[in-house]
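You will see two complexes here that share chain A, one where it goes with chain B and one where it goes with chain C.
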Partner chain A sequence: MKTIPLNTQQAPPISVPLRFFTVAPLFLMLAALILLSGKYNPFANMHSPALLAATHCITLGFMAMVMLGAIQQIMPVVIVSPMPATRLTAWLAILPLIFGALLLAAGFMQGNPVLLDIAWPLLGLAFVTLIAASLISLARSPAHNATKTAILLSIITLGGAIALGMLLAHGYASGLLLPYDKLATAHINLSLGGWVLLLIIGVSYQVVPMFQLTPNYPEWLAAGLTPAIFFVLLLNLLSLLLEFRPNWLVIVVQGMFWFLASSFAAATLVLQSNRRRRIADPTLSFFRLGMVVLLCTAMLALATLFFPSNDRFVTLSAELFLLGFAMSLINGMLYKIVPFLVWFHLFRGGVKRAVPNMREIIPEHWMWLHLRLHRGTVLAAVFAPWWNVAVWFVSLGLLMQGMLLVYVLFTAISVYRRSLQRLEESSP
Partner chain B sequence: MDTITEFMKEYHHSCDRAFADSEQAVLDGKWMEAETAFDDFRTDMARHFHIEEDKLFPTLISAGGPPGPVHVMCMEHDQMKGLIEQMCSALAQRDTQEYGGLSETLLIIMQQHNLKEEQMLYPIADHFLATQLGELLDDMRSA
Partner chain C sequence: MCEELAHELDVRGLPPPEPFELIIGALQTLPAGEFLHVRIHREPYPLYEVLRDGGYAWQTTELKDGSFFIRISYGQ
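Right after this comes the complex of A and B.
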């Protein structure tokens, strides 16, 4: 039987994930400013430069940044296999990701082909690093579970999404004749429906029972769901490329995708309602909000299949998926991961009574405040495609969430530094 | 439950239940109930550590199992024991806030520890100790 060492050195130095986590909220704030910068409502047109720039600030600058930081912590636990060369991987990913995301957003805003042409190779480097490191980690993992399959499928779809994204950016920059609409749809499907959804499902299989002491996801669901979603995404890709006719075939394929996504949300809500740990918990509330929004998004997306006349509903379903579903879960995860990391790095090496507990590292009232702010932002996003004032509320919500996250992260870092100093002074 | 993985997984779940009951009672301020529930939880955990540290792990090492993961699991046991003692003090002082923070911390360390054991260490033990499983499981059950 293949074995790997399980030791505390598996965890990367605390500076590695915290670097990703502290940069990420700055992109939320940037997205907020970008949304406010245009004369027109950016949500009214899916292809508006401000919406494209802000969306990529959120997906690349915030979501990918947090996921990159978190995956290095999560892999050793959920698939019992650390990421290789954590420091090198982190530097090779974070710098190109920061500059690539900034240049891409600037390129969209200014319609500047030079910026786009510098951005896409940088982003390619960041994601190739992540994909290679994740594949090595998966190959070394002795675990045989549904999470491992989900992460593998998520990484494969991420590869496809990034390749299409690079092609689109290069195409816009150089004026290539490409089927832009089809490629953009495939890029969005693989990014959100593939990478984001599959990764969230795979991690949820482990963390939902862990954090709330719920029953496990049913084995048949855990084993079958992510391969089924992956298969449907491939069918969807084929339907786009081969222009499936009749139209009902496209509706069936997309309907299957949303049915599967809803099954995950419904199963999670049922498990959470049967949780053993009944106390109020901000992460639980973030997760529940995310799952409810995913169900609403699925219903909306299905409705747009039958009534495709209004483009704004399509924008709304993408917005809800990103802000209401993915961002809710990411926020919830951050509030477990960051305090635990600080505690873990202070505690390791022995029993120390002076180590603050998780709630002293990030006080819970900040998490509840963040949840309220986030709910408000999601609610405003529902009206944003039709009501210009709501765009201000969405922007304000994103700006305040970014500021709050920066504040709580620096609070956690300062608790870490003070406690470390105290521990070092008191050690013989 | 014919394997170490199944037996110990079930034990983890039983400790989880005791953990949740004592946390709920403390946060509700039901101190008498909390004392009893916490006592049950501490006893469950102590027995679990005893089974692993005095029965399973030594047998696994003698059968040629990997000492590295066993050493890490024992270190994490020490971390958990430290937290449980701190929770005991918080309970004695009726300090709900402190208990809540400690139990939140213990939950995460306990769950990620269990996951590593269930996904890696116990399957290794089932593999290395295949020939003496029945006898060892009887010994663990009676501990």
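Right after this comes the complex of A and C.
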């Protein structure tokens, strides 16, 4: 019998992405505890310390942690170009990201300038490391595809978002006179509309057709969508430079952005309705939830432009984008990436009995339970800006999702270790 | 012209990594001089790297329905 080796030299060691993935849920739990700690409803005021701290635990500690772990794995597969100095890059990113996110959250909660001033250089180090490594990887890549473009644009917007975030944190800490509202708007637009949305779109171009067995995204859409979103984000930045932004300009720019974001959601839902195998799949359901919430967020965000109301609707659209859209997709991708990684690293020597089936690595009933928990959390988040009791449900939901993710990730790691041991025992 | 000895494998509609596992499994038992004919719904780029490293030759044809036909043999 011939043994056909699977070339894993391009891929980083399995410990690199798994390290990021296992730390991330701890920040979900921390965000939950922070939301519960305040005397008042943190969702009622978008500038409340608890909401700022919890939001950054989710965006930096959970979302960026998973996305940065995944990008190191995805680069060699999708653009045929690994990150340089994989292990060193991972350590130089994960440690300052963990401590930076913790100190930033503590700095917001306590209003402590010293903590903020320690946090922003640490976060800067983490992101500059990953941005530099990603750009080197992109420059070396021979691939020419829509995913590569999306990753490049996403990394550029991440650079802008991080620079603005560092300036804001330093400004708050030092009491600098800065146009905080405009800087915060640009920071949020580049972080969520740029880095998060563009990366999710780029990865979806691969993950949706491959794992959900749908047709490919139409070529014109895949090629044009992320550059168009990037262009609109630049327009938005330029409009913020104006001393006074006329309302019509805000409506035009925001309208274009949400139209493009909705096009992605609608295209994904249409592709999923044309999938080859109509079998229930938790990843597909996480993606569908995310796309439906993205459409709802777009409608809500546009409604707030035409019918200016109070800040709580703005908080709600940000919450929906983060928890309902981005977190749904990140959870869904985790449930494909982690079992695939375990299988991929065990399969190296070819087909053997000790290599488990991908479906056995994380039992599906845990994924369905997670989906139900997540739906409940998103539903509670809809009411949270107005109803204090809902804050408890959001917090409880985030806490339980964090615990569940830790459990399933360690389950996958233990399957990997046991299988590897069996493979080593059975090899001559 | 003599007819080639071929083993057929249809992995259309199977989620990853099942097509990959089935193809590799079939190649491990493929007798020398015989061919594996694969029908698959996506072009399997990662497979090509494995085939190249394993000393296999292959020929891919895109079919009218958008699926692919791959003819694989060892060292030919």
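One rule holds in what follows: the second predicted complex is superposed on the first by the 418 of 428 C-alpha atoms of A that agree within 3 Å, B and C clash if a C-alpha of one lies under 4 Å from a C-alpha of the other, contacts with A are read in each partner's own complex, and residues count from 1 in each chain.
In the analysis below, a residue touches a chain if its C-beta (ideal position, glycine included) is under 8 Å from a C-beta of that chain, and two chains touch if they have at least 3 such contacts.
The model shown is predicted, which means the values in this text are computed figures rather than measured ones.
Counting touched residues of chain A, say whether chain B or chain C comes out ahead.
The partner that reaches more residues of chain A in the superposed model: B.
Is A:L213 touching anything from chain B or chain C once the two structures are fitted on A? First, second, both or neither.
both
Under the stated touch criterion, which partner chain does A:L238 make contact with: chain B (first), chain C (second), both, or neither?
After superposing on A, A:L238 lies clear of both chain B and chain C.
Quick one: is A:F340 in contact with chain B, with chain C, with both, or with neither? Answer first, second, both or neither.
Both partners.
Could you say whether A:R278 touches chain B, chain C, both of them, or neither, answering first, second, both or neither?
first
Please report the chain A residues shared by its interface with chain B and its interface with chain C.
1, 3-7, 77, 210-211, 213, 276-277, 340, 343-344, 347, 350-351, 358
In the complex, go through chain A and note every residue touching chain C.
Residues in contact with chain C: 1-7, 77, 209-211, 213, 276-277, 340, 343-344, 347, 350-351, 358.
Which residues of chain A touch chain B in the complex?
The contact residues of chain A facing chain B are 1, 3-8, 77-80, 142-143, 145, 206, 210-211, 213, 276-279, 336, 339-340, 343-344, 347, 350-353, 356-360.
Enumerate the contact residues on chain B facing chain A in the complex.
Interface residues on the chain B side: 16-17, 19-20, 23-24, 27, 66, 68-69, 71-73, 75, 78-79, 81-82, 86, 97-98, 100-102, 104-105, 107-109, 111-112, 115-116, 119-121, 123-124, 127-128.
If we count contacts the way the header does, which residues on chain C are in touch with chain A in the complex?
Within the complex, chain C contacts chain A at residues 12-13, 15-17, 21, 24-25, 27-29, 41-42, 46, 49-51, 53-54, 74.
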